[in-house]
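All chains are identified by letter, namely A, B, C and D, in their written order; residue positions are counted from 1 within each chain.
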Amino acid sequence: MGTLSDRSLVEIRRDLHAHPEVGWTEYRTTALVAEALADLGFTLHLGEAALDPADRMGVPPDGTLASARARAEDEGAPADYVDRLDETTGLVATRTFGDAGTTVGLRVDMDALEREEDADPDHPPYRDGYHSRHPNEMHACGHDGHVAIGIGVARALTATSTFDGTLKLFVQPAEEGCRGGLAMSRSGHLDDVDHLLAVHLGLGYGTGTVVAGFDRPYANAKLDVTFEGEAAHAGVAPDAGRNALQAAATAITNLYSLPRDADGLTRVNVGQVHAPNAQNVIAEEASLRLEVRGEGERINERLLDRARTTVAAAASMHDVGHREALYGKATTFEADAPMIDAVATTAEAVDEVTRVVRRARIPASEDAAYLVRRVQERGGTATYVGIGSEIPAGHHESRFDIDEDALAIGVDVLVGAIRQLSAAG
Amino acid sequence: MGTLSDRSLVEIRRDLHAHPEVGWTEYRTTALVAEALADLGFTLHLGEAALDPADRMGVPPDGTLASARARAEDEGAPADYVDRLDETTGLVATRTFGDAGTTVGLRVDMDALEREEDADPDHPPYRDGYHSRHPNEMHACGHDGHVAIGIGVARALTATSTFDGTLKLFVQPAEEGCRGGLAMSRSGHLDDVDHLLAVHLGLGYGTGTVVAGFDRPYANAKLDVTFEGEAAHAGVAPDAGRNALQAAATAITNLYSLPRDADGLTRVNVGQVHAPNAQNVIAEEASLRLEVRGEGERINERLLDRARTTVAAAASMHDVGHREALYGKATTFEADAPMIDAVATTAEAVDEVTRVVRRARIPASEDAAYLVRRVQERGGTATYVGIGSEIPAGHHESRFDIDEDALAIGVDVLVGAIRQLSAAG
Amino acid sequence: MGTLSDRSLVEIRRDLHAHPEVGWTEYRTTALVAEALADLGFTLHLGEAALDPADRMGVPPDGTLASARARAEDEGAPADYVDRLDETTGLVATRTFGDAGTTVGLRVDMDALEREEDADPDHPPYRDGYHSRHPNEMHACGHDGHVAIGIGVARALTATSTFDGTLKLFVQPAEEGCRGGLAMSRSGHLDDVDHLLAVHLGLGYGTGTVVAGFDRPYANAKLDVTFEGEAAHAGVAPDAGRNALQAAATAITNLYSLPRDADGLTRVNVGQVHAPNAQNVIAEEASLRLEVRGEGERINERLLDRARTTVAAAASMHDVGHREALYGKATTFEADAPMIDAVATTAEAVDEVTRVVRRARIPASEDAAYLVRRVQERGGTATYVGIGSEIPAGHHESRFDIDEDALAIGVDVLVGAIRQLSAAG
Amino acid sequence: MGTLSDRSLVEIRRDLHAHPEVGWTEYRTTALVAEALADLGFTLHLGEAALDPADRMGVPPDGTLASARARAEDEGAPADYVDRLDETTGLVATRTFGDAGTTVGLRVDMDALEREEDADPDHPPYRDGYHSRHPNEMHACGHDGHVAIGIGVARALTATSTFDGTLKLFVQPAEEGCRGGLAMSRSGHLDDVDHLLAVHLGLGYGTGTVVAGFDRPYANAKLDVTFEGEAAHAGVAPDAGRNALQAAATAITNLYSLPRDADGLTRVNVGQVHAPNAQNVIAEEASLRLEVRGEGERINERLLDRARTTVAAAASMHDVGHREALYGKATTFEADAPMIDAVATTAEAVDEVTRVVRRARIPASEDAAYLVRRVQERGGTATYVGIGSEIPAGHHESRFDIDEDALAIGVDVLVGAIRQLSAAG
């Protein structure tokens, strides 16, 4: 059996679909993609060479990482590449074609979600045998397809002589939760990129539609908070405890009441809370996971600031301590018009493309925004391309699946755009 | 017309009842009592000589004080005494009888309540014409009677030769809200008192009953808080305001949830809130009046501390400032057994006394506690004497009235006790 | 002295400015305008004939109305017209010109604000002597100017022979708080209006600018709530009370946390709270004034529903009752394109107009929306016209003033538009 | 190997200590005790014959019960007795001695706690090898000793001829959390008991001390609540969700603020909360475990009522549903003076007893209260006996242990009391 580079787009996607890896555990995925791109003549920047581990957010405990790494090796990840992922997953792969100076980046994300895949025999991955082998992990957002497209693009450009320039492939870990984009944006690898493309399947558009300029996602921040009090018998010594749960409840109520904004939409949510004591013991610990979002970075930063103030004041009010850590964070961006033009023109020339949308709002948050902003800050241009795909269930749902016909469309559109961008210089 | 010292107990009480003065505005009362006691040969310590104005709590605005002073003069307060109340109301009056060394103190309070007296023609003060002349002020807690008893005791001891010792009469302002006791306790006048008696009418006991040792009132603290934010149009600029009302609401909810206590009862209440803006303006100010009480001083101090922490944290949470001031405060005490013995023995010898209760809990807070504690700390002993009185309505209610027969009983019991204490040395 | 119909626009405006009347107390204003329009040959529908008193919201207490009425007569309001305002203020005045069938409506509002006018001698109303004679009432939103424009338009059309059609002048009370628009919209007088114009001065645009289609104001609702509990001594009988203030605090915190909306902006505010008890008495009453706003009627209705649910649940949680009443309410609307065209075309032809904005968002709520929607529902068209005016301070501020040059511009633009609309049929 | 009836008190206790079973899983314990008492001639009422399963509170899921039952058989529980525990654990065993009519009941509880035993080699159970074999289960409240005492009493009375009467042994399951007492009290077996004794080791008294009348525990109720809302994407569709966590937070804050009580202490606590969603998903479920306690049954019932009202209102406020179930409940009682006399007299005659306390407050809640109240309601008398024991760590802590010398003292005191009660008739 050869490497992924020898297989069809559908085979690649199905192999990854069957072996989903959640954020920061993408050992098998990274290693297989690295091997394939090495085959195609790319220079590899693996793990720590692709991003600074200290910039990562929302990293699982060491034990989880070690298990995932062991599993990757059990499931056929090439050991020499896994070994190079010492501190972190992630890959930047580079190849220069011809002698032209234009550098084009393509970002694909590769992580799966914590979700059990639906086992209905009519669900295509089950019907055709490529369903997830990993309990409570699933490619329910199409990142398996993004990786296949990335390899497809690399292969197509390698196979032909019509591209003069440098292609940089950014294979980003931990997009879910917006945990990996910031780290990759700071790696330095974006700094000489003239034009950056990012790609996503689905997102509300059917097969045949291409969105040339998906942009303006919500800026977003996710915060993990643990209130730390002191246990006491609630009946015998109510004044002896320090009640972490009262702090949490006060924080929750007040977080939802953070002031709205003159300049646009605001969002606040607390999704998760745990306080594990018996009824008669004052809670010495209560942890919560919250997020804020804002239409624009100023709003998001204001909300994050106020959320932190709220949490700190709730702790102080109830005489408890607290710890907090960013679980994830994303900014927002606008796609550049010339990039939209390049993608739109190319897409119109692709047979299977039946409709081109020039610009649309990303209906969520997306940490490609950090990569886009980095390129733009350094004088380059960028866009985020939507490749339409029929989907039988919404993103993140257990019956999610992509239309595999969209993979080739994605490759064709991106290859065309890259060629045009390099020709335009 | 002579001074109050020439009048009967009932006449004194009725004069005061008709001219009630709320805390720190007792200009007429102080001046008339001073005049009467001067007549009886007492040395006077008036106003600032009776207590340090800086120690007062819950003092009304200057304009209120000035109006009350003017009214006192209009209503016959002797001007020379009013003039000596430059900074504050209040009086300590002293007279030494014979040559013995024992110093006995008697504390009576003199302030009225902010309450409109019931105008029903069957309400005795209306029926007999001695109802309050002052809108929204009323002697609804019997302090008019306490003052009458105090003058009665002074007169009785002056009239006979059976007391060797020094009598100190503490005529305390602003007992309601526990605003004046602390100041008087720090005046120095308590420091050489061997035995202190305080007195209250009613409090749940009918005429003929005497409680020799009323004690263990709740310790108490009252705090005025104003949150100071910034107004903004709630529709147009919700993020521009700083919302004092959200701070107040969070404070209120969390104040009621202050931890209960292993050692006894806790109480918290917010009685008053004002935030005056229109619906569409973010509140730049919200003021509230709260109190805490505890069974014992430790509990009360803990609650006050936590209340302050809660208020400060609520302000910080909503990015607003706040001011706070103690409106009143009281501690607790236990009556001394020898004092209870003295009062009980005496009371049993008074004809009109049909029942003697040795010790009972004061069902409220009482700032005589500071005077009692001061005497006890200096090695003296003290008790708080309840003189039963039928009452047609509860204390602080608009139909409250005392049974004037109780006045003479009060004088007899206290005079007897003072004689016995001085004899015992 | 003649009626207002004989005076200049500036004189009319200044007379009204000096005698501001807040919502539902516009006795003098209504009577003077009625008299002027009668002079000009208009048929009057006064008071109850202009709107159903039962549909009014946020009506002040009877005593306030009676005082305002008496003051109006003192200040020169023609008594015969005041007499016809038996139940309510408000006026619809109609005149048919020529024999054409087109009916054009013009809505002006006439109420002032509860605000003290700035007494700085440099503030033009003070400098030139037409400042408010009424303490705590002020025309700080330009409605004095709107009325002047309305009379100006009526006079101009009466004076010339170039208008064939019927003009209906809607002189609306109580726009502030959005209390009068709903009632007027249900009067029937709108039902045969083919084209409706409403007008506002200022709102962010300087003199010379005209906004042909001001629209999409926030839908809005204002609710007055009183929680009704039971008093008790907070120290002695904490379980005997039913605490209206705890209900209010819980309601406030939870109102601000009402869910945001997928479809647009949401707003919530509680501006006013009163709970008047002493610290040691459990609050038997707490009143609050709140508002919600939404970008679109669905959002606003959802917020109002949820606000009511929140208030009811807070009452139930704390075992207290509650009363509630709508203080005001407004919907939203879109201006019709043909109306925008008519106004824009006309405005461009007016010399003093230097800039025409076709469509802009009203940065607030506006109860003309009900009138607009009524006309649109019956098949007519409508727009809301902004007449730019320099202003030295923001709307609703104590130094607010209008540029009186804008009055003539307003008349010219509206007269032109009305003629064009009637010509177009 | 014989039954428990052949072993020493210490051996019995250690066997049980090594095999702790939490509430409603006491299959091994019940079966072994049943076997031992059958050996001693007692008539058995096992499982459903001892209490109505429908009256049980806080029963674990079926799977937990099935596992516990299987484990019991693995660990040597006599299968014929386990088979008779079809629906529930629990045992009432009866034997009549002589021909007298007096019926004396003795209640011992037998369940362990969910807690990991400390594995320190100095902790006596580890040192001597009788530590818990069950992860996260431990006899940390001395119930292992209570059962040993129960068997010891049965054996002692069987062995001698000095008791005329009927002994009923109530071996109660699920005392922790107050889940089993109510069911047993309703079984009918208490209805003919003339005198009831219950027993507890430790509770603040050292070896040699006996408390003849432990009483007045807090009345208590534990409620499990689950709020049931609807998930939605918090960024994309905030108005589509129904937020169970906002309901929970509002409930928590307001539960702690339930009104205090004129008649005595109140307690409220929420110990446990779980809401498991990701940050960006509105919580469709939030569960919490709360308890209330009151000094006296009226207070407790009021608090429970108000807690339920609070929970229901919080659900209604946030438009979510909720389920609730009592997890446990206990009332309070006073020990009867004649019973205190009997125990005190007997205890003074026991050599190892160095101090007898007549009456003391149980510093917690205790569901023996239901059994006591049942006997008292039927005309019998009861007391709850404390057998002092040194303990190296507090009740419910991981290093808790009893002084095994206390076991024999317990047997002697109780046997003596039972004899005296039967003699007295």
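The rule we apply is simple: a residue touches a chain if its C-beta (ideal position, glycine included) is under 8 Å from a C-beta of that chain, and two chains touch if they have at least 3 such contacts.
All values reported here derive from a predicted model rather than from experimental measurement.
Stepping chain to touching chain, what's the minimum from chain A to chain C?
Contact-graph shortest path, chain A to chain C, evaluates to 1.
So using the touch definition from the top, which pair is joined by more C-beta contacts, C-D or B-D?
The comparison resolves to C-D.
Most remote chain relative to chain D, going by C-alpha centroids?
Between chain D and every other chain, the largest centroid distance is to C.
Quick one: chain C and chain D, Cα centre-to-centre, how many Å?
68
Chain B to chain D: how many Å between their CA centres?
Chain centroid spacing, chain B to chain D, equals 50 Å.
Show the residues in chain D shared as contacts by 2 or more other chains, in ascending order.
In chain D, 236, 238, 246, 250, 253-254, 256-257, 260, 267-268 touch at least two other chains.
Could you please specify the touching residues of chain C with respect to chain D in the complex?
Those residues of chain C that touch chain D are 236-241, 243, 246, 250, 253-254, 257, 259-263, 299, 302, 306, 309-310, 312-314, 316-319.
Which positions of chain C touch chain B when the two form their complex?
114, 177, 218, 220, 222, 233-236, 238, 245-246, 248-250, 252-253, 256, 267-283, 286, 289-291, 293, 327, 363-365
Of all residues in chain C, which touch chain A in the complex?
Within the complex, chain C contacts chain A at residues 253-254, 256-257, 260, 264-268.
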